[in-house]
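Two complexes come next, and they have one chain in common, chain A, joined by chain B in the first and chain C in the second.
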Partner chain A sequence: MNYYYLGIVILLAIGTILALYRLLRGPTAADRMVALDAITNVTAGMIIFIALLSGRFIYVDVTLVFAILSFVGLIIVARYLEGGI
Partner chain B sequence: MIGLILYYIGLALCYVGSLFFILGGIGLYRMPDVYNRMQASTKTTTMGLMSIVLGVGLMQPYWIVKAIVIIVFIALTAPVGASAMARAAYKSGIPLWEGTVHNDCDAPSCKEVEQQ
Partner chain C sequence: MMIFTVISWILAVLVIAPAIYAVESKDLLSAAIAAGFADLAAAILFLVLQAPDVAITQAAIGAGITLAVFVYAIRRTERWEK
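Let's look at the complex of A and B:
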């Protein structure tokens, strides 16, 4: 039963590594920010999967707060690149 | 019995979400332009996160209400963040890929982005 979970974690790790290449290598700041947004989405999926593995309900709240904070960070960096602030 | 069926449906949804994350990563790796990378990665990671959260909510049936709250929040905010990021990338002067065939903001009737 645990091998199913291991497969999901390995797939998530491959997605993270592919996005991490673009985060380190991206020529502009917008590239890096898009890659960081993808990585935060993968991390939110990992957190709610940790909630499933450990059986604790509090990590679902952690996922919600993480999604809110990643959205706020993306909007702030977008406004900064646009020249708004 | 119904719990076991819901468990396997949730596990399949988690695998579908993981495969969408890998598709988003491949799009980020291979696409030639900021805008292409954005449209490749944002939609796939949104779909992947939504299906993983729904899968976990089906595997643990007491969590389904908060999982639906997270899904609604992601569905509302991810397109807003992506469009703000695309607008910021265009206004900060990042050039389009040379194979681009059409750009609506080249026209003088486009008031959204001022001409450079």
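Let's look at the complex of A and C:
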């Protein structure tokens, strides 16, 4: 079962690297912000599988902070690109 | 422990690449977003190194507050580096 969780973590890391390519090569800042939001969601899932892999379920609490604060950053950058703030 | 060594190497690559981009970029908003991602990957690296409280603080300060402060600073000054 350990290798099952490890395979999922490695697949999610590959997804993170693919979104990192879009973050580094994206033409506009909106592409990069969407890539950052996708990376945050994928890594929230990755943290849950790291918690299952290590057996420490206090790690799951970190995903709450990730999800809430990535939303705040996304909203602020979107308001800037719109010209709001 | 071999498993967490592999995950740590992957996360080290994920910290280094956007940090280099954030230094070299001329678009300061993109540099701020890349720095936010570097902070996020550093938070996961702290988590893998068995420090979840440091990871929570790093995610709150780095990915949330720092990006907001950078965007407000870019709004007050200018976006493109000369």
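One rule holds for everything that comes next: the second predicted complex is superposed on the first by the 85 of 85 C-alpha atoms of A that agree within 3 Å, B and C clash if a C-alpha of one lies under 4 Å from a C-alpha of the other, contacts with A are read in each partner's own complex, and residues count from 1 in each chain.
By our rule, a residue touches a chain if its C-beta (ideal position, glycine included) is under 8 Å from a C-beta of that chain, and two chains touch if they have at least 3 such contacts.
Computed from a prediction, not measured in an experiment: that's the story for all the values here.
Applying the stated contact rule after C-alpha superposition, one finds that A:Leu36 touches chain C and leaves chain B untouched. In the superposed model, A:Ile17 lies in contact with both chain B and chain C. Look at A:Ile47: by the touch rule set out above, it reaches chain C but stays clear of chain B. When the shared chain is aligned, chain B and chain C each come close enough to touch A:Asp61. Using the contact criterion defined above for the overlaid structures, shared-chain residue A:Leu69 touches chain C, although it does not reach chain B. In the superposed model, A:Ile8 lies in contact with chain B only, and not with chain C.
When both complexes are aligned on chain A by C-alpha atoms, chain A residues 16-17, 29, 33, 61, 68, 77, 80 touch chain B in the first and chain C in the second. For chain B in complex with chain A, the touching residues are 11, 14-15, 17-19, 21-22, 24-26, 28-29, 34, 37-38, 41-42, 45-46, 48-49, 52-53, 56, 59-60, 62-63, 66-67, 69-70, 73-74, 77-78, 80-82, 84-85, 87-89, 91-92, 94.
Within the complex formed with chain C, the chain A residues making contact are 2, 6, 9-10, 13, 16-17, 20, 23-24, 26, 29, 32-33, 36, 39-40, 43, 46-47, 50, 53-54, 56, 58-59, 61-62, 65-66, 68-70, 72-73, 76-77, 80, 85.
Within the complex formed with chain B, the chain A residues making contact are 4, 7-8, 11-12, 14-19, 21-22, 28-31, 33-35, 37-38, 41-42, 44-45, 48-49, 51-52, 55, 57, 60-61, 63-64, 67-68, 71, 74-75, 77-83.
Across the complex, chain C meets chain A through its residues 3-4, 6-7, 10, 13-14, 17-18, 21, 27, 29-30, 33-34, 36-37, 40-41, 43-44, 47-48, 50, 52, 55-56, 59-60, 63-64, 67-68, 71-72, 74-75.
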